[in-house]
Every structure is written in C-alpha cells, then in structure tokens.
C-alpha cells in the first residue's frame, strides 16, 4: 500500500536538498570524530554546497511538482537555492579560520549553516503553506543559535535572545494568519488558494481573509526586517559573529523575500491592490528609517544592519510594482546584494578581533596604508551598496527603480533616490575612514586563503553584475516566468 | 456550537498570549506565553479542519507542535546559558545593545 | 590694390618684441637698442614706401589692402585679418612710425642706465605693433585688438617701475578705466552688427559697413555713435573717463610722449574719423562728441593752470588738446581734427621729450617750483621747448596755429557758437599755462636746490637730435594745411593740401562755408588770444615774480584748491563707485549671501539629516518590551489597514 | 577590429589598461611609476591626435561611432561616437592630463603610486563621458569618474579635505541621481510612444512629450548639470573642492570636470527637451548672468588665490552657459570655444598657483608682493595667463567672450549689456591680484629667497601658453571643428522659425546652406 | 447539545487557565497553569473530532514541554528572581491599549464572517489511522521536514548547553 512510490520522481526534484541532507550527515559524523581542526568539517560542507549548486544547475529549466504538490522545483526555486548556497559557500569559506579561532571544537557551526540552507531551499520551493512554515522554522531555528554562536560575548547572547523571542512571536502571527486563511478556504496548497481566490467573481474581501493575508505579510516582513518589524535586526546583526551576520543579511533575506514574492505574485495575486499599497508604505518607511538611523552609527556591523534594513526597503520597491518585471528586479537586487554583503562581511570578519571588538569605524582608519588591496575591495563593496556604477549595486537600483517608474510609481523612485543620497554619506564614511584617516592600529595578520577566496568570489559577482548584468537579468525574468505558469 | 464562537475563542486565547509576551519580564513566562499563542493557533486549525472537512488543519497542528517543541528546546537552552553566564532572567535586563 | 608688403609694417615691431622679450635679458644694451630701433625704422621705411605708392595712385583709387588670413569665422560672421591703407591710415602711419622712431632713439639715451632695458624696448615694440594694427586694421574688431593691445602696453609701461606702488596703481587704473570704455565700445559694435544683421548683412568691415550703413535707422546709429564715443573717451581721456591719464605720468617720460601724447590717446579721434560714414548720419552723436570735447578742453585747461608737476601740466594740456580734436571731428571737420592730431603729435611729443630732458638734467626733479633759470644751462632743450610752446599756444606761422585755427573756424562755421567759445577760451588758457610752464622752468632765478644744481647737464646727442627734428616738424608741420584764406593771399590755390589729401576718405562729410570777413576776424581774434595768454604768463610769472598768482590764491583759495585737486574727481569716483562696490561684494555677497544662504542651504540639509538621525535612533532602546511594542504597532496598523479599507 | 575603427575605445581603455599594468609596479619605485604614467598619458594624447587627423568637420553626424550590444535586456548599448564638441573636450582632457602629472611630479610626497594611477582612471572616465552616446553608458562614466576625484581630493588634499570631498561627492551625486530617474522615465516614455525601448541618445532626440513632462525631465537634467557646471546658486561645492584639492586635482576639476556640466547642457538637457528648454531658457540665462557678475564680485574680495580662481570659474562658466543659451551660431560657437579656453587658462592658473604654493606653502594673497622681482619668468607666464583669462584680444579668452557676447546680444541685447560688465570686473579682480602678488616692493622676507621656475615647470607651462596664443591668433580650425556640432545643437533646440524673426534667426538661415555642404 | 455545553465550559476554563498562566506571579504557577490549559485544549480537540491530535497534544506538550519548563525553573529556581512580574510603564500601558484595540477589531472580524458552513463529523476523520496514512502519503515531505526541524532544535540546544570557552 505504501509501495508504489516512484522513487525517481521523488528523488529528482529534491536532488539538491538531498545532497545538502547528505552533507549534513557527513559533516555531523566528521564533527563527531574529529576533535580539533574543525575546518575539515567546513571542507565537507563546502563540498556539499558545491555539489548542491552543480545539481541545481543540472536541474535547470524544468518545472516539476512533487510530493503531491507539496513543493515544485522550478527555475525560481533553483535560482534562489543557488543564491543561498553561494551565500553559504562564501560564509563557510570565510568562517573556516574564524570558527577555530573563536569557538574551537564547535563543528556544528557548519551543521547549523547547512540545515538553515536546507530550510531556505525548501522555503523557496514550497508550494504548500505547511511546507512553507516548516521550512521557515527550519531556517530560523538554525539561525538563532548561529546568531548567539560566540557565547563568550554577552551581546551575542543578547542579540540571539531578542531575535529568538521576537522571531517566535512573529512566527505565531504568521501561523495565526495561515490558520485564518485556512479557516476560510480550507486548503493550504498555494496554487489551490490562488485558484479559489481568482475563481471568485469578486476578489473576496472577506475580513478574516484580509486579516489572514495581513498577518502572513507581517510574518515575513519580520524576517526581511521591514520597519516597523525591524527592531531585532541591529541587535542581532551586531551581536552575531561577523560571518553569520553576513549570512543572515544575504541568505535569510533572499529566502524570505523569495517567499514573499511567491505569496504576492501567486497566492494573493487577487489582493495585489491592498498588498502593494501596504508594501508602498512599508518600503518608504523602511528606506527612510534605515538610512537615517545608519548615518550616525559608529559600529560597522550595526551600520550595515541598518543599511540592510534600508536595502530591504529598496527591494520592496520592486515588489510594489507587482508585475513580473518588478519581481525579477527584486530578485536581481537580492542576488547582487547577496554578493556585496557577503563580500563586505568577509572583510569585516577578517578585521574582527577574537573578542568581538574591532568593528568600530576608528578601527578602519588608515586601513589603506596596511592593506591597499583589501581596502580597495572594501570600497568597491561599499560603493556597490551605495549604488554607484559600475557595480552590481547600481544595476540593481537601476533595475528596481526602473520597474517602479515603469508602473507609475515615480514618486516612490524619487523618494528612494533621495534616501540613497543619504545612504551615500555613511558608506563614504567607511571609505574615507580607510583612505583619508591615519591608521591607529596595525593589523599584521595576513589574509587567509578561505577569506581571500570568498572575497574574490564576491568581488567577481559584484563586478560581473555591475558590468555585464544582462545574463542574470534575463535569468531572473525567466525564473519569474517559470513561477507564474 | 458555532464556527464564529470557535474563531473568537482562538482569537481571545491568542490575544492573552500576546499580552503575556508584551508585558511579562521573566523570560520563562514570556516563553510560556509564546507556547500559549501557538496553542491558540492550534485551536483555530482544529476547528477549521472540522468545518472545512480537510485534514490539512490537523496535520498542521502536528507540525506546529513540533515547531513549538524545537523552539522551546533552543529557547530554554539559551535561557540557561544566559542565566549561567550573565545571571539574567529578566528580559529587559538585556539592554547592552541599543541605538 | 592688394600689396602683401603691408603686413611687414606689423611684422618688424613684432619681431623686435619677440627678440627683446625672449632673449633680451641675455643681450647687451646696445644690441637691444639696435634691434628695437631697426625694427621700428624698417616699418617706418615700409610705411614711407607705401605712402609713396599710395600717392602715386589717382585720387579716387588710393587704397592698398592686404588680407593676411581669415581670423574668426562663425556662421555668417567672418572677420578677416585684413589690413588696409588709405590716405587717413597713411597719415596715421607716418605719425606713429615717424614719431615712434624718434622716441625710440630718444629712449636709447634716456633709459640707458635702467636695469630692465630690454623689457622696456620689448614693450615699446609691442606698443608699436598694436598701434599700427589699430591703425591698419580694415575691420572694427581687428581694430579693437589693436585698441586693447595699446591699452595693455600702456598698462605695462605705466607700471614699468612696478616696485613703486603708485606706478602699479596707475597702470591698473589706466587699464580698468579703458576697460569701462571698451565695454561701451563693444556694445556699440554689437548694436551696429546686430542691426546690420537684421537687415541681412552681417559685416564689421569698414568698407562694407560704409556701403550698408544707410540701412540702419538713424536713432540706432545715434546710440551706436555715442557708445563708440564712450569707448573713445576711455582711450582718449575725455570726460568722464580721463582720470587715468594724469596718473599715467608715472611711466617713463618717453612713454608719456609716445603713448600718452602722440599716438595712443589719439586713437579715439582716429576711430571717430574712421567711422565718419556713421557719424555723419548721426548728427546727435556728433553733437555729443563736440560738446564733450569742448568741455574737456576747457576743463583740463583750467586744471592745467595750477599744476606744479611739469609732466602733470603737460598731461592736462594733452587732455585739453584732445578735446580740441574732438571738437574738430565733432563739428564734422574730420580732416581738421586729424590735422590737429598730427601737429599735436609733433609738438606735444616734443614738449614731453623736452620735459624728459629737463628731468634728466635735474636728475629726476619734476616740480617746476624747484626749477627756473635753466635757459642757459640746457640751451638746446630750452630752444626746442620754446618752439613747441609757441606751436601749442597757436602763435601764427607755427603748426599749432593752423590746425587749431581750422578747428575753431569749422566749429564756428558749423554754427556751434557755444563750442567755438569754449575752444576760444581754452586757446587763451593754453597759451597761459604753457608759458607759465616755460617761464617757471627756464626763466627767472633758479630755485633748484643746491646739490642737484651742481650737476645740471645738457642731454646727450642721441636725445637732443630727435628733439631738434621734432622741433622742425612742429614749426613747419603746419604748412601742409594752410587755410585757403591765407592761401588766397599769396594766390596759392589748394593750399590746404592736407584736407584735399584726406578728402576722399571724408567724402561723406559736408564742409561749411562762411564769409571771408568772419573767418579773418575769427583768426585775428584767436591770434590775439594766444598773445594775450603769453603776455599774461610773462607778466605774472616773470615780470611780477608771481605775486599776482600768489595773491589770487590767497583771495580765493577755494577755487585754487579745487583746481589743484582736479575738482576732487578721483575722490568722488572712489567714494561713490569703488568703495560701495567693494563693501557689497565682501560683506553682503560673500560673507553673508555665499556663506549663509548658498552654503548654508547645503550644510543645513546635512545638519537636518544628522538631527533626524539622533532623534530617530532613540526608538531603538535596547528594551525588549519596546521592540514588541513597535512590532505590535505595526501589526495593528497593517491589520487595520487591510481590514478597514 | 582595427585601429581606426576602434580608436575611441582604445582611447577610453588605454589608461585603464595602463592602470592594470601599473598596479604591478612596486609602490616604492616612485620614479618608475611617474615615468610610466607620464609616458602612457603622452601616448594617449598622441593617439587622440589621430582623431583630429581623421575627423571630418564637414559632416554633421557622429563620427568614429562604435556600437556593441551591452545589456540587451534593456537594449542598452556600448554606443560611442564623437562630434566636434566631444572631440575638442577629449583633446582637452588628453592634453591636460600629462601636464598635470608632470606638474605634480615632485609635489606629491605620499602614496605617489595611487595618485598617478587614479589620475589615469579619472582620465578614462572623463573621456568616456564625452564619448558615450547611450544615456546609461553616459551615466555610468559620469558617476564612475566621481570616485577617483573624491579620493584625489580626500587623500592628497588640504586641511579640510574630507569635508570638501564628501560635499563634492554627495552634492554632485544628488543631482545626478535625479537625472537617473529622468533618464529612466524618458526611456519608458519613448518606448510607450514609439514601441521601441532604447537609451540611444540620437534616437531619443526625436521624442516629443507634453510640456509639463518635458519641464520636469528638463529640470532634473538641468539641475544635475547646473550643479556640475556650477551655475549660480549651486556653486557652493566648488570653492571648497578647489581650495582643498591638490594642484593636479584642481586643474582637472576646473579644466575638464566643470565642462562635463556644460557639455551635458549642450548634448543632453537642451536638445532632448527643446520645448521646455525654450520655456526655461531665459531663467537659465539669467542665472548664468548672475553667476558672471556674482562670481566676479565675490572673487574680487577673496584673500586666498585658489578661492579667487574658483569663483572666477563660476564667472567664466556663466559665460559658457550664456553662450549656449543664445541659440545662435556665434553664441554657441563662443560657448564651446570658451569651454576650451577656460580649461586652458584656469587650468594654467591653478598650475601656477600650485607652483607658488609649493614654494611658500601659503596661498594668502597678503603674504606675497614683489614676487616679479625674484621670479621674472613666473611673473611673465602668470601675466600672460591672467591676460588670457580676462579676455585680452590676441589671446584665446577674447575669441570666446567676444563670440558669446555678440551672440547673446543678437539673442537679447540685455544679456550682453549685463554680461559685458563681467569683462570689466574680470580685469578688476585679476589685475588687483596680480598687482598684490607680483608688484610693489618685497615686504615679506620669506619671498625674497624664492626660486624662479625650474625647467620642468616651464615645460609644463609651455604647451598651454602655445595653445593660449594659438587659439587667440588663429582660432579658425577650432571653430571649424565646432561648427557642425553647434549648428546641429541649434537645429535641435531652436523652435522652427514660426515666431518673430530675431537677428539670431537670420544668422541662422543665412548660414544654413553652408551646413548642407 | 451536550457538545455545546461541554464546549462552552471547556472554553471558559481554557480562558481562565490562560489568564492565570500569563498573570501569575510565580513562574511555577504559570507553568502549571499552562499544563492545565493544554489538558483543556486536548479536551477541546476531542470535542472537535480530533482525538489523535488530542493525544499528541497531551504527550508532547504536557509530557515533554511542561516537564522541561518546570525542570529549568526548578534547576535555577528562577521563580525567586522574578520580583515584579508585570511592569507598568508607558510602553506597557500603550501595549495594553493597543491589544484592546486589536481585540475590538477581532470581534468586528468575527462578526463580519458570513455564510459559515455547518460543522459535522465524519467517522474516523481525525483517527490515528487516517492521519497516519496521510502523513505517509500526501504529507510525507512535511513529516520529514519536521524531523529536520527537531534536528535543528537539537543542534541549537547543543550550541548553548555545551561548555563554550566563554563560560
């Protein structure tokens, strides 16, 4: 009775996920057997991630629904899986030495990374709310401990604690929202929901339904840190160990935004009017608050936390416009942001001292004296964050704002532009700390292989997307298309 | 018995949990309130599944319980750690990170 | 007729300038002087040659042109680097190169111990170049190049001894005052050009303009004429822009002779003569020219009465003589104006050079109250100076007489009695102040202080020879323009060679006839005036040992001081224009507007951002409950938005 | 792919290649770096001379055009090409850069390698701006070029360099970002109108939009360029940037960067939105005139030479903009020529001031006096440059100012009447300064020992002086190059002669035929 | 009828226990109250025809979580340290008000619900067999994922419990 499962049809769609699972078990075993030199575990992880990327490339182009429509593997999910896996890849590369320095014998760091990536991969491919929630939780529950991973630091624990409780709180809201939707429609399958909604002659404005949609939106807005659900972000980012912060900023954002895109574009398409109106407000508030508060930050990680809030706002600008064009622009932004932010945090990781200090702006002054190349690269990342050509950040902003203008949200675009002028100030702040000020401390340690490789990958991404963005742009478009039918 | 009543019930329960999270200082109690909120969600799911005649609700509840369990595990571990290394049990004593 | 050698007139001084300017420091004084003088002499020779070829032409075909290249070409506006020589030009050329050459020679002696000798001659050659360009140019823009070029040279040469602040200031003053004039000049040119353009012909070439000028409405021409004339007042030191010329005496004396007496300052007169085709169609403008000229003549003469600096006296006399010239052109007697320009060039250059020789003799003393009785110590200088003085005061038979008389006659004939009267009085004053100068310098007992008195010496040959030549010119120069009236007495028809020679250029100008009787009366009257002036000077300053002068000063000191301080014009300009402008620029525009408004706006926005940041970050109190609160606010508002919309 | 076909790309990317190569030179081997960069930039200049060689000034269309697909998704192309305007500005860039490098030979005491390499990056960026015909490509170069300038000011600048650099960067960025929005809007508007979505400048010229839309878009462009120029109320960043920047920086800033603003007006803002341009033209002209007088007056009172020159730039650039606003051939020709002139003379002024600063380490005018005695050569050169900058006939400044003034007189006599006062004031402040610095007795002992220019510095100045005299004496070739560019600019912007014939119009028609040939 | 009475009584008790759990001063009491509330919830589930879930509820919540809570509380006797359970400061007051508002909206929502289907129970709908069968078929993937969630929980717990070099 249980026998007639067609295994190929089971294994194929989730091949990348399975590879990650395998990686998890492998590295768990290594972790158990190796007492020191945990970076070997990291190597396994890298292997797993590499294979995962390859396999997802191998699956590219098809659209397979599996597990009785629990998930569907399509270009959208694959593109985002690759993105998060790259983010994870860079993060692991960066933390190889870091983990051994900060928390020796803590090999399960890599396990947590892997399991969160697993969660993200299911999150982006889920077509059923159950899977969605489970994946989300898998991701979050692996991130909370990562955020508090360096227990020697009070701020780390504190950030993790706040993140955890608020996260659980948000999850409760999300679940309640789903429950409300379910209580009206009686199904949790996304496509069914979309169909039932669109079949109604009137886009059903049932109040419970609306509340459910709102709560679901809130649940995810929390994950991507839109104001006013951003409160955890600065604390968690500042507290978390540098590589993890990068990972959070890049991968978690990407995956959660993917989920939002799916919900907005597919599931609640019938509600796009109220949804995009709400998003309009959220994005304006977010861009404004994030950039304004970041201006005076002294701690680089905290500054980048606020900046990541602001960037979430810019991505939402893409969502506001609501059509495939805008969505793909948001995707592009996510990808470019992933490269940029992981790269920046690779450098921050390198500069962070064992006791977690070394993130003050003053620690960056005169960096270009000792590390000309490093500071040059850092400036490139900063300029990319600020959206100055020829970097990925510019192309991303260009894409997003053009989508907004195309759909008649010129005001939003102008507002975004103005806030990004503000953002220019604090990104330049880092640049001129590195170039114009006199060095206060000597960082003599040389850059490790892992970090340098990670930086190189990130830099490649930033430049590539900045100068030859066409390929990725079409990919994002294509993946959005694959999502829509 | 009416569907509306059940929904309202779940909502009331959820809100009480919410109040708890919003106002209790003791981390443990905050966690308890979170559990209660999730439980309220479960109530809604079950009643919905009764009225919708679909099993998704009930399955969902199982998953929610699982999630709750895992969450609590981590949370409590973290509480222990914080208590041991910082001696803090009141959540608003965690104020090192601000601005 | 097209002759390519015209350009050589310009080329030689330019070469001289370049050689002396670049290599001069290395070369010996002799070499420098040689280069400079040869350059000028060569161009003088070329001029003479061309002059001969010109007069060999028939009356109506006296025109030599030389198109070097197209200078500016923008759209339909093309400005050629084109030179032309017609009778008017040829006269100017002869004056400029001739007098210029003499002054060059003189300078060799005068400047011989100056350390920046090469620089001096480089500038001088550059000046020759610019002046010749001004004269030769066949279109008004090219003329403007020369116009500004001479301005530059005068700036450089006035400030030649730049270590003296007074010199540097004088130079700057000259340049800027001229700029004011040039501004008006350019506007005039633009107005002319645009009004021609609106008729479909855009040209700035004199000949072309002369043909098309009739297309332009009269009132426009009047404005153009006045604007151009303002330019002329700047260059030729007329009211109200004359202020720079007296200060210009800071420069070396030969420079004053060449630039500020003989050539440059007459550029304005030349320009108006050149533009006669325009002015005859704009009588109002001519009116203005004549009136300003007359007023200036009298005004400057009055100031000249009381000045004690020998060069200052001559400076004011120059201004007043220029006024005469403007009267001449202003009443439409262009040839008379030019004639006076020529004679004035001779005797005024002579006066300056003579003064220079005196100063040279007294080793730098310029105050005539510290002179006197030099007659026998420096006889040659005295002689030539006297000749020039007689010439300028219009004693019959000398150059000045003929030119001045023809101007006055023309003024009267054209019915400008008032202007004639101004000129008439000025004649008296001229004779008076110039002989005051002569007597106080050369006659009476010496007031020279002792140690200079020791080594008073006559200037060397190289300086005196040019003086003598100029003296001859200022005595005989007038006979090429003998008024027809006198010509008739000796039965010499066409005695006024000069006017006839220039006639083709001024064909458009209409001469006025008047009865022989009136003319002869006028002539006698002015002769009387001249003698009166001379006699008055003799009586006051020689016979009565200046007691009358002193007593006059005592009786009305106000008037005396007014004159002595040049009617306080400099002070007025200073307080009315310069000071306020500076104040506004510094305290309003810069320190207030730029700093507080323009800059403040930008910095202000930065401050606002920072302020907002400090306020806004306060919501991030590390307090968990606060976070939950913010969260709940968000939840509430969004749910409310969705549910209640 | 051939030298002649891709010469523009070669000119753009040669410096960048040089930077890549130069990055491998050991940073302690200073002379090697200096020589390397100098030789490379000279080579660059030589290559750019081929442009002149092959430039056909008789055809109106763009030349040396290269077009490769860059971002097909958006139909963004790597589309470059030049006309007379761009040609001259590119030449100016390649001409000034080596001189600047030679000029900063010994002045830069720290981090030479970065300095010289950044300058080559800067050069590439500037040339790219002048060459690109695709709006996005233009924008990319436009902003990419800010970064090297930011660093040059910030690292090697004066005491308040950070303030100046940040102000420069953010203020410029503010304008250009608004322009970006306008560009994108234009893209979609054109697409909606014609169905083909493109950023191709030459295509976009054809677009016709309702006035209010045009007005907004034009405002965005105009603001961005006005900040760059800088037009009167937007000049606040200029004095700071100039004063704080190192000599080389100031030279390039004044010489080339400011021209990008005027270039923007002529290439983008005006021709893209002719209707709005014509509507707003008087106001821009007004600002330009205010700038002329204001700049001159404020410059007159400055105690710091560099600041004085900076404000004088405001005045001169006012002339340029005024020329562009006249919309008749003389004015526009003059405007373009004046861009070059200002680049030369103000660039030279900054070089000279730098030389003085290197000797005395102060720029306070009151600190000097009587310099002419100890530094005759320097004084002479300074005098020539001063004269050129106050527009003395026979030097380059005059040609430009004359054409601009006569053009503006044709457009509207009042323009010339007010702008003309700038000529007087220019003489006032330049000569005052010159007198205070060079004339009089040496009062300050520190000045008595000053050395006159050494041979290197003379070599730096010589080419500029030659150009100054050349343009002044024989400007025809330059005007010839400019002519087609400016006449087609006028054609784009000028409302076709429906409105009453002004002098300008007639000039326009009178020289139409010669454009056909 | 019986159902209704049962339902209402259960819900009343549920609310009471909830309230007590949230407002009790002593964490131990809160925990106990939570446990009791879970019992009532289970009861409710049974009424609503989900016996299996009810069982799971009892087993996991009461059997695992409650014990865990109590264990932690006892181990570090956190109950002592909880002095003033509720803080009355502006933020709290505001949140009170907000929550009241939300409650109002909630009732408004509930009132707005139209055309509610009539509830009736199919035999064995919520039975262990049915659910188990479905878990193994349609819901295989969530089931597996749940296991990973728990795994992640384990990792997380390890992270914090193990002797880091910080402590």
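Here the chain labels run A, B, C, D and E in written order, and each chain numbers its own residues starting at 1.
Just so we're on the same page, a residue touches a chain if its C-beta (ideal position, glycine included) is under 8 Å from a C-beta of that chain, and two chains touch if they have at least 3 such contacts.
Just so it is clear, the model here is predicted, and its values are computed rather than measured.
Novice: Using the contact definition given at the top, which chains are in touch with both chain B and chain C?
Specialist: Touches both chain B and chain C: A, E.
Novice: Counting one step per pair of touching chains, how few steps separate chain A from chain E?
Specialist: Between chain A and chain E, the shortest chain-hopping route counts 1.
Novice: Using C-alpha centroids, which chain lies at the maximum separation from chain B?
Specialist: Comparing chain centres, C lies farthest from chain B.
Novice: By Cα centroids, which chain is closest to the centre of the whole protein?
Specialist: D
Novice: Which chain's centre, taken as the mean of its Cα atoms, is farthest from the centre of chain E?
Specialist: So the farthest one, by centre of C-alpha atoms, is C.
Novice: When all chain pairs are ranked by how many C-beta pairs they have in contact, which pair ranks first?
Specialist: Looking across every pairing, the one with the most contacts is B-E.
Novice: Between chain B and chain D, what distance separates the C-alpha centroids? Give it in angstrom.
Specialist: 66
Novice: Between chain C and chain D, what distance separates the C-alpha centroids? Give it in angstrom.
Specialist: 38
Novice: List the centre-to-centre spacing of chain A and chain D in whole Å, with centres computed as mean CA coordinates.
Specialist: Chain centres of chain A and chain D, defined by C-alpha means, are spaced 44 Å apart.
Novice: Calculate how many whole Å lie between the centre of chain A and the centre of chain C, each centre taken as the average of the chain's C-alpha atoms.
Specialist: Going by mean C-alpha positions, chain A sits 80 Å from chain C.
Novice: Residues touching two or more other chains, restricted to chain E: which are they?
Specialist: 87, 92, 95, 99, 102, 105, 108-110, 113, 139, 142, 146, 149, 152-153, 156, 159-160, 166-167, in rising order.
Novice: Show the residues in chain C shared as contacts by 2 or more other chains, in ascending order.
Specialist: Those would be 617, 620, 622-626, 628-629, 632-633, 635, 639, 643.
Novice: Taking the top-of-page definition of touch, could you list the pairs of chains it picks out?
Specialist: A-B, A-C, A-D, A-E, B-C, B-E, C-D, C-E
Novice: Residue numbers of chain A touching chain E in their complex, please.
Specialist: So the residues of chain A in touch with chain E come to 2, 21, 24, 66-68, 70-71, 103-104, 106, 108, 111-112, 115-116, 118-119, 122, 128, 130-131, 134-135, 137-138, 141-142, 144-145, 148-153, 206-208, 211.
Novice: Considering the complex alone, what residue numbers of chain A touch chain B?
Specialist: Chain A reaches chain B through residues 129-130, 133-134, 137, 141, 144-145, 148, 151, 154-155, 157-162, 164-165, 168-169, 171-172, 175-176, 178-180, 182-183, 185-188, 208, 234-235, 238-239.
Novice: Residues of chain B touching chain E in their complex?
Specialist: For chain B paired with chain E, touching residues are 1-9, 11-13, 15-20, 22-26, 28-29, 31-33, 35-36, 39, 42-43, 46-47, 49-53, 55, 58-59, 61-63, 65-74, 76-81, 83-85, 89-90, 92.
Novice: What residues of chain C sit close enough to touch chain D in their complex?
Specialist: 25, 69-77, 141, 144-145, 147-149, 152, 159, 162-163, 165, 168-169, 172, 175-176, 179-180, 182-183, 186-187, 189-191, 193-194, 197-198, 200, 202, 581-582, 584-586, 589-590, 594, 598-599, 601-602
Novice: Touching chain B in the complex: which residues of chain C?
Specialist: Interface residues on the chain C side: 617-618, 620-625, 628-629, 632.
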